[in-house]
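Quick heads-up: structures coming right below.
Two complexes, one shared chain (subunit A), two partners (subunit B, subunit C).
Moving on to the complex of A and B:
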């Protein structure tokens, strides 16, 4: 039996779809750890990124911190945390938070910094207070880049949440670890591992699609680059001058040319 | 209305942007700050709504020191238009215009209704209300910027090079539009530009700044052209200032001469220039009786010599009258009334005589 047909058979087997070790339960665990890590990461990174972007002070710290966090090996960090505080949800989520913070921090910071300075000047000149400038102008304009950071963080966290299984937690990583350890037969071993990899990839793609939809709904249509995305003829750019009369068909010239 | 008293702005690096500026901005008028880059005109403007805080001196708006109280509150009472319009890209045109009323706590419905009125006032069609700024060309964006600044009906309007990023044709129409708006609204407008022609066109009074933030001259445009305070102002005002200065002298009292007119179909006269007019006495062109040697033949509409510019007796200055005389093939400018009907002729000599009289009266001073 080839790997492909055995993987199909694995997915077709109802045993793998029920109970605490079934696919639905593992997906929920995976999403739970990942969501927790993203939530904590966002609560830490987004306000800091927005504030640093708004004040313009400490930008080099943000960039340096993000790069430093990116360079940490996540599995090593998880093992270190487990050794320090013992096995538990905290070291698992903390290791994932470290992964989620850099793209969120960079996205929030760059989003605010990239807001047109003339727009910010106008906002302040019209009498917005600093928090109004940040929340009503800079934040909405930062959303495209902030969403870019979020999507990148989600992908990385979803892929890496598998390490939870390494320290005895659930999630889709279980199929990788258990398949590797428990199955003696090489076909059975790689079948379960492949199934786990496919599930993680599918979850990542699904979440990416959901986030793209949320982004479309949340980001103002005015921030979409002109010419991109679905547009109706009514969306066409207005012109200062009326349409050139030369483009209108002239009845007297119709049919004159042979 | 707005008073600068010995106002100095020194930046942390030591450069002096504005040096002991004292001037009064008249209420209900357009005051233009003009000068080369680095002359402190924009810094001076931005100190009025406290976007820049003075190092020394006092600025009073309506008798109140701008440094007293809350800057956000101050700014909500002062309209602000900047070069790139600075429209909020994430909000529709209507919500951009409604911004200040909403900040002042108006209900959304009332703010939007007001925004709709303002859009109409500045000549934006209602269909633009739901669009986003990126979908509008530069000239339309500036109209939105002006509407947004006027939305809460502030007595003071600050405009920082608002028309310098649009092409010359659109700029001209925006300038005309601003003058039309001002004739209805009587705002106290402070307008910054580096373009002396724009300053002369828009300003009731013009403050010319030199590099280093020093006020070189503060006068009415006619005076600036007739009597520049020094070589710097003279050089800045530029070429043809004598001719352009005529634009600020009233043509009242300019004598109109007789003008021979005829209509199409009549016989060409023996000699001399005759103006051909239509049934409503509007000018069509000239016919030269002597040169054609075609006397006694009937005048044809397609055989006319094109005329020059017209002098509108109701609206034009001496500049318009002189240009009409200089651009006419006969040397006689065609004077018309408000409906475009010919009322007489004007000669360059008469304009110069009138100019001399105006100088003697001190009208140019």
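Moving on to the complex of A and C:
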């Protein structure tokens, strides 16, 4: 039997779809660890990113921190944390938070920083206070990049939550590790591992599609005009100097959230 | 140069050794030779022997012995001990790192390597999956007949690197346990930790249940004899775990190996697996002398040295051990 047909047979086998070691239970565990990490990561990164973006102070630190965190090898970090604090959900979530923070921080910061300065000035001219400028003008304008950051964070966290299985936890990583370690027959080994990989990829794509839908629903249509709406994380501008807006006049009018 | 070189030369041209047939090919050849020399230098600097791609394949010259090792530090160290000791006897050696048994046994058979340090129990299982002996001497006797010619095993060492049920010193004292059998009455209250496969493989949880009547409360899947398992024992996430007997972390963390009087875990004595065509009198004597000196405690000590913070080269550790044992 080839790997492809045995993977299909694996998915067709009802044994793999029930009980505490079945696919639904593993998906729930996977989503649970990942959601915890994203929640903690968002609570840490988004306010800091918005604030730094708004005040323009500490941008250098944010960029440096985000880039530094990105360079941490996550499995190594997880094992280090386990050795330091012991086995538990805390080191697992903490290791994933480290992955969630950089894109969210960068998205929030760059989103606010890249808000059209003319719009911000107009908001101030209308008598808005600083917190109103941040929450009612800069935040809505930052949403496309913030969502880009969120989607990037979700993708990274979903892909990496597999490491939880290395320290005795569940999640879809179990299929990878148990497949590799516990199956003696090479076909069974790679079948289970391939199934795990496909499940992780499918989960990541599904969440990406859901988030793309949510983004469309919450981002102001004014920000989706040609040239502005088609932002992806790849276009994200991450720099610590402001984009020099006061001398620049833009032909198109950017949308202020109604 | 003639336009129609003799057959042998054409063959050499095809294999890339013909330098200067045409201008372009000579440039290419020079580059290739340069690159090959560079790669050779690189692999020579790569510590602990080159990768599987370093050097040519095919049988080694009669006066050279190629020593392979598996992809974990202890195997590399044992291979280095063999290599250094043989060099001291004036034998030319080459070192290779070859990954897992599925890679290096075929390499031994086709002559790509001639010698590798092995462990009796798993090696016997590799050649004979139906093999039942688990006691040290019986495993060795069975192994001698199971190893297919031209491969052969030399004298085994007392040193054993095998799975063991490990508990903290406090827990051993609480149950007054020296062997796994002593622990059996309390198993139901204990959580066991180990690698994924230990839960299902015959000498894992099923073997402990069958031979000692030891039924653990639950099983936590951890790493394979690594730091995560040690940590889990220390912070009481698990109370008993599967670890390896030569792991220096056991003693450092106040952990004790429970004896296995019913030989649930097959013996895993260190043994040189060699191509018999290369096993001359001198080589055999040298390797047997090493086996005679190698104990489990000695191997723990060697692993401790390898894991020291300054990360010493395993060849240096090998040399120290040999001279300390009067074999250098």
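As a working rule, the second predicted complex is superposed on the first by the 226 of 258 C-alpha atoms of A that agree within 3 Å, B and C clash if a C-alpha of one lies under 4 Å from a C-alpha of the other, contacts with A are read in each partner's own complex, and residues count from 1 in each chain.
To be clear about the criterion, a residue touches a chain if its C-beta (ideal position, glycine included) is under 8 Å from a C-beta of that chain, and two chains touch if they have at least 3 such contacts.
What you see is a predicted model, and the numbers here were worked out from it, not measured in a lab.
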Touching partner for A:83 - first (subunit B), second (subunit C), both, neither: second
Touching partner for A:177 - first (subunit B), second (subunit C), both, neither: second
Touching partner for A:166 - first (subunit B), second (subunit C), both, neither: second
Which of subunit B and subunit C A:28 touches, first, second, both or neither: neither
Residue contacts with subunit A in the superposition, subunit B compared against subunit C: B
Touched partner set for A:127, first subunit B, second subunit C, both or neither: first
Interface residues of subunit A shared between complexes with subunit B and subunit C: none
Touching residues on subunit C, where the partner in the complex is subunit A: 193, 195-197, 199-201, 220-224, 227-228, 231-232, 234-235, 237
Interface residues, subunit A side, partner subunit B - complex: 116, 118-119, 121-129, 132, 137, 140-141, 219-223, 226, 235-241
Subunit B to subunit A touching residues, read off their complex: 49, 51, 72-77, 80, 82-92, 99-100, 103, 128, 131-140, 145, 148-149, 158, 166, 169-170
In the complex with subunit C, residue positions of subunit A that touch it: 79, 82-83, 86-87, 165-168, 174, 177-178, 181-182, 184
